[in-house]
Amino acid sequence: MTSTAARTALDLTSDLPVTDLEDLYRDLHRHPELSLREHRTAGTLAGRLAKAGYETTEGVGGTGVVGRLRNGDGPTVLLRADMDALPVQEATGLPYASRTDGVMHACGHDLHVTWLTGAAAALAAGRDTWRGTLLVVGQPAEETGQGAARMVADGLYERFGRPDVLLGQHAAPGPAGLYPHAPGLIMSASTDVDIVVHGRGGHGSRPEATVDPVVTAAYLVTRLQTVVSRELAAGEAAVLTVGRIEAGTRHNIIPSEARVSLNLRSRSEEVRQRMLAAIRRIAHGECLAAGCPREPEVTVGSTFPVTVNDAATDTTVAAVHGEVFGADTVFDPGPAMGSEDFPELALGSIPYSYWFVTTTPAEVWEQAPGDTFPEKFAAVPSNHSPHFAPDLPTIGPGVRTLVSGALAVLSGA
Amino acid sequence: MTSTAARTALDLTSDLPVTDLEDLYRDLHRHPELSLREHRTAGTLAGRLAKAGYETTEGVGGTGVVGRLRNGDGPTVLLRADMDALPVQEATGLPYASRTDGVMHACGHDLHVTWLTGAAAALAAGRDTWRGTLLVVGQPAEETGQGAARMVADGLYERFGRPDVLLGQHAAPGPAGLYPHAPGLIMSASTDVDIVVHGRGGHGSRPEATVDPVVTAAYLVTRLQTVVSRELAAGEAAVLTVGRIEAGTRHNIIPSEARVSLNLRSRSEEVRQRMLAAIRRIAHGECLAAGCPREPEVTVGSTFPVTVNDAATDTTVAAVHGEVFGADTVFDPGPAMGSEDFPELALGSIPYSYWFVTTTPAEVWEQAPGDTFPEKFAAVPSNHSPHFAPDLPTIGPGVRTLVSGALAVLSGA
Amino acid sequence: MTSTAARTALDLTSDLPVTDLEDLYRDLHRHPELSLREHRTAGTLAGRLAKAGYETTEGVGGTGVVGRLRNGDGPTVLLRADMDALPVQEATGLPYASRTDGVMHACGHDLHVTWLTGAAAALAAGRDTWRGTLLVVGQPAEETGQGAARMVADGLYERFGRPDVLLGQHAAPGPAGLYPHAPGLIMSASTDVDIVVHGRGGHGSRPEATVDPVVTAAYLVTRLQTVVSRELAAGEAAVLTVGRIEAGTRHNIIPSEARVSLNLRSRSEEVRQRMLAAIRRIAHGECLAAGCPREPEVTVGSTFPVTVNDAATDTTVAAVHGEVFGADTVFDPGPAMGSEDFPELALGSIPYSYWFVTTTPAEVWEQAPGDTFPEKFAAVPSNHSPHFAPDLPTIGPGVRTLVSGALAVLSGA
Amino acid sequence: MTSTAARTALDLTSDLPVTDLEDLYRDLHRHPELSLREHRTAGTLAGRLAKAGYETTEGVGGTGVVGRLRNGDGPTVLLRADMDALPVQEATGLPYASRTDGVMHACGHDLHVTWLTGAAAALAAGRDTWRGTLLVVGQPAEETGQGAARMVADGLYERFGRPDVLLGQHAAPGPAGLYPHAPGLIMSASTDVDIVVHGRGGHGSRPEATVDPVVTAAYLVTRLQTVVSRELAAGEAAVLTVGRIEAGTRHNIIPSEARVSLNLRSRSEEVRQRMLAAIRRIAHGECLAAGCPREPEVTVGSTFPVTVNDAATDTTVAAVHGEVFGADTVFDPGPAMGSEDFPELALGSIPYSYWFVTTTPAEVWEQAPGDTFPEKFAAVPSNHSPHFAPDLPTIGPGVRTLVSGALAVLSGA
């Protein structure tokens, strides 16, 4: 334990208001809000930031929140948490489970906001230990890939100053108490695609008078499995997930169209383009095989870039995390297949560090089947699962990661 | 042209108020109502029956209508029209297209009500030509297979008398002006089945931590094709249609379950049981292949019986139709794969005749691709299609079929 | 029992050399020969016919046999048995099972030859009871659809006289002792189709450098299920069977092509054409979906016509069978999906009767699962099964069907 | 260019008999021999080695060849080439294409033998430049994974001495002139699996009396795509290839079983076990869905281990290759999905270096579609392709790699 940043971070967080932060977390978890509707969440965050002494602005890029703390000469450091929840029906059975039907904080953004709130308060209280400017950002609509770009387009940097460094973190499955870092590629690119299959509707008892889009969509989904299994080299990490299929209203009516929504993950633009070409080709071929009266519509939707940490920045932040939590808690997990719109905040040039904080309760981890880390990792509830339930004792550590990371890149006092 | 019934029918319908009936039809078509919500339709029918001199009762079995005309000694004949529309988005572009979004008279029940209204009025006006009792029934919820049974359960026969004969008819594709009759099996049995596939949800970028129910449901739908293609003899006419598939909400969330709704048509209980067993076996096998954490739920829903005309009754009715419209307009089409809950009104013992009236406009028929009747039949918009649009000039003939059919089984005056 | 033909037939067959015929049957069964290689079988048949007094010719249309017995004025009646076996590995475990690896009399043609031999001898011995000419034909290559046409093309009728009536019969599953007859359509049309899928081969560990024809062919086979399940009306009896699929040589080499061989059954040319068009469309679409470097080759092979009995002839023959075996043993089974090249002998104009003889041993039938005839019919070993094993006691009855049928259409003495 | 080994290697290979080696290569290519039948190839190699002064032994482990050259004190170095060809029908159109129908040197083992022959001769001729013992091994049956283990079991090291280092190389696609090396994992594990699907055979026109194994196997192959696409994390490089499917003999016979042969590639035992479990589960589920009368048989066949270079040895060899050919010709390609039985020679403890030599002719590479290395790599004919055709001018370089590699690990004179 040698660096000033690490020592200061431990000092500043030695007496965190853990009960208060847990209450905040449970409150956020009970009241999840979908993308761009994070009004209550934003209000809560803004109130806390203002109380901690930040100049606070709401409504940036829709429902975004910015808190600024100017504290003398020094670099500007942006700390970011995303705020939106997901259209998932919670199944955790927790006493503080979602009270909104069909909406859930299944990706841990409630924890991200809690962490950010705690860190912002601690850094403000300890402002005599550092110099520079803090931008604390509550970002909307990460799940839909819109929020970061909307905040930038709404003048985030013109209005509040361009940061020198960005820091972000994400809750992840894994035994609570690990801090995976990668000095380069850490998250993959993501692209949404929608396919509409046009058949010809009719009575369920007379399929011969129709072109059945339900059956066509089903064959299409099975055929799409070959994009990953046959068309990409084994080493080209990529995923094609059909997250949604929808067709028809009644047992005995053959509808006239079917809709398939899918998401791609890849680690290079070349692979992404190859996957898109394969999807178009397969959709075309399957609809031709079915005799569809019209070509399928294949529409490319939200796209997330790859998340590539600046090596120097991430090495600095990983080092301080190693000091704060122990060297064996920080390791390079290799690139994940998840995606973020966090890089949109970097405008292609601002260096950033983005890391994970594992949040699976110890007892859940231990009881999960499997002997190896990957086995258990696959067995515990992951992000977007209706059973995703981070461990409450990770609230303190997630505040410390932000505080120590910020201190490591700010100027000492 | 020899029988009294035929001659009288032509007399009674020689001066039908065609313009008024067309207006009625267009009004009903504009205002389609889903099963058990046929309030406006029932009110319209009841008003017309009352005006024509029938004792009229609404609300039988929910939204059913019964009109009774007691006209001396003689048999009791029940004339039935079904009244409900379908959850289909109309695409005919007609000036009198549905004004209710997502609901459409895509099965011609509006025409059935119009025919019944016209026939009830003509038979009432000509009551000096016959003896007996007419029961004119507007049945709800045929599409969901509930209406006939509900009317019976609500005391239809206890309250209004048990009929000696039932008569019913249905609009069907085919060049307007044909009257298909069969002296036995004319429509198939129908059974709805729902399947819920239980997977394990999670993030779209980490399928290895999930059991993907979307992909499982897609393979299931493709596998179900083999029930008809491999497990039934070619001569065993049967259909398995998946009318609806639904899973997931977002591109990048793997949901935890998928729902498949399907409908079977068969002509014997043995085949129906074999199909159900095959569906259960396939659902079980596919979920096992997928590694689903739970067995799929396979639930049998609405079931329609086979429609089997009483040979003597149907031969009598077919004969009078041949006299009224010409012998070459009546033919035996063989059993259709469609289904009806009309037989529920027969209680297993009341003889009945159920026939079709073709309603495809001549020009649509002629321009349809194909040289043979089956080819054209397959090419024109069929029942349940968003393009289903019966020919208005079939209004008069559909009144005459009911009037002549009723006179053929009532006593002469 | 009234007709002369029936009485005479019973007389002529009252003392059949059953042991000898059983030995003949077992010998033929032990030595099955594939289509157009029926040398041993043809020799055996020819020897027997010559011994019975027939003018005998071998090598007609390849390996065909013709025996002629001219017996005064009267009609010419052709009795036909097919002689070829199948590439099936016998699994009956019978003491007289096939001694040729991979070849088996799995369709009962050995029984047909035995029946014909017995009938030819009985009719020759009893030639004082009838007048006319008998043509006894051992036809090659029925399984490949080549034999009848080849015999005709080889001058069958120019060389031996054009018959007035054709008679043929086939062993079928069903409890031994039934004689299904239909006075019109009795067997379906059949068409073979071959599909070659062209992929691009390569190393199994690098599928991304290939277009995998194995996977493409597998999707194609699953997709072809929809031809029957979705594209034909339920009432249009039709079958599409993929009898053979073949691709690749080694676990880890992706081959460059795959071959699929299929067979269609239909009851009309229109349906056959629709099925062929659907197959072409699906093969094209699937290969397009796969990104195949070349279009698939879809080749139409052997085609069998429908078998349609002459109503008058078949009624006559069915009547005599009813007299000989009991009226309740003769019934109309409706059209079967099987196919024959027997109609090729009719040149589109010679009337014929073709019927079935059921040959499942009583104990096998009784122990088969199921309560109904169709259930048991589906459960016992059918033609082309490696377990197909006709009952030996049906040898006598199958001789009597031919003898009585022939006598019914020949002139009395 | 500094090391003695590099300088000596260039000296010893400055005057290679290229025309003779090309003739040897073309002769081997014309006469490919399947695994464990490499008699002619082994004889040719043995003759050359004997002529060059090696003590030569044939028939080691079947058809293996060992040449030994004892040259004073120093380490024993084993140079290995595999000798067997593949059951592939050559489609290169080369003047020296395979003369054996259905067998081809599609994996470059002919080139490996040629390289080894040239290197053995050069090292023997230059024996005054080094000290130690050379073991030159022509290994049979690499493709079937049997050869290395068979040679070891046949006393390879007891009879000829245990080597201190093993060296091996493999022809690979890529623009001729590159030498990919990896100081650790370079090739994947491979496992063959055979699946037999048991259906119930019968006549193609009566599928309802059968359980169709062709259709079942087709669904199985499509379902197996999900092992890679859904059950493994994107980062877990793995491949599942169905290299062979075979069922049925005739268009209209439904066979009683189908056979599927597949090959897995993985980089860890854990992933391999997960893939095997998924395959078993899917085969079981699909056969259950089909109603198969018996469980499928899933048999695990040949298994190749991972190939993991000794870091120190490979770094040494890579360094000398960089000196001989230029530093930019040596690079770390990351682990390949291909597999080798070469590690079987290491007995788990002998250090080895195994590298690639790219052999795609420059003009083929340049004309291949794509702008990036991976695109072109995917587009040119790869190993096991019927179009695989290494560039003849790579004969000299492949001799130099072996000579320089050997000199780098032998003692200097």
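As written, the chains take the letters A, B, C and D, and residue 1 is the first residue of each chain.
What we mean here is this: a contact is a pair of C-beta atoms (placed from the backbone, for glycine too) under 8 Å apart; a residue touches a chain by one contact, two chains touch by 3 or more.
From a predicted model like this one, the values you see are computed outputs, not experimental measurements.
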{"item": "Topological distance between chain A and chain D, in contact steps", "value": "1"}
{"item": "Chain located farthest away, centre of chain D as origin (C-alpha)", "value": "B"}
{"item": "Inter-chain centre distance, chain A versus chain C - centres from mean C-alpha coordinates, in Å", "value": "66"}
{"item": "Gap in Å, rounded to a whole number, between the CA centres of chain C and chain B", "value": "43"}
{"item": "Inter-chain centre distance, chain A versus chain B - centres from mean C-alpha coordinates, in Å", "value": "50"}
{"item": "Chain A, residues touching no fewer than two other chains", "value": "188, 205-208, 210, 212, 215, 219, 222, 225-226, 229-230, 233-234, 236, 239, 265, 337, 378"}
{"item": "List of chain B residues in touch with chain D within their complex", "value": "205-208, 210, 212, 215, 219, 222-223, 226, 229-234, 236, 278, 281-282, 284-291"}
{"item": "List of chain C residues in touch with chain B within their complex", "value": "188, 222, 225-230, 233-240, 265, 270, 334-335, 337, 372, 374-375, 378"}
{"item": "Contact set on chain D toward chain C in their complex", "value": "86-88, 91, 106-107, 143, 173, 188, 190, 192-194, 200-210, 212, 214-215, 217-222, 225, 239, 241-256, 258, 261-263, 265, 301-302, 336-339, 377-386"}
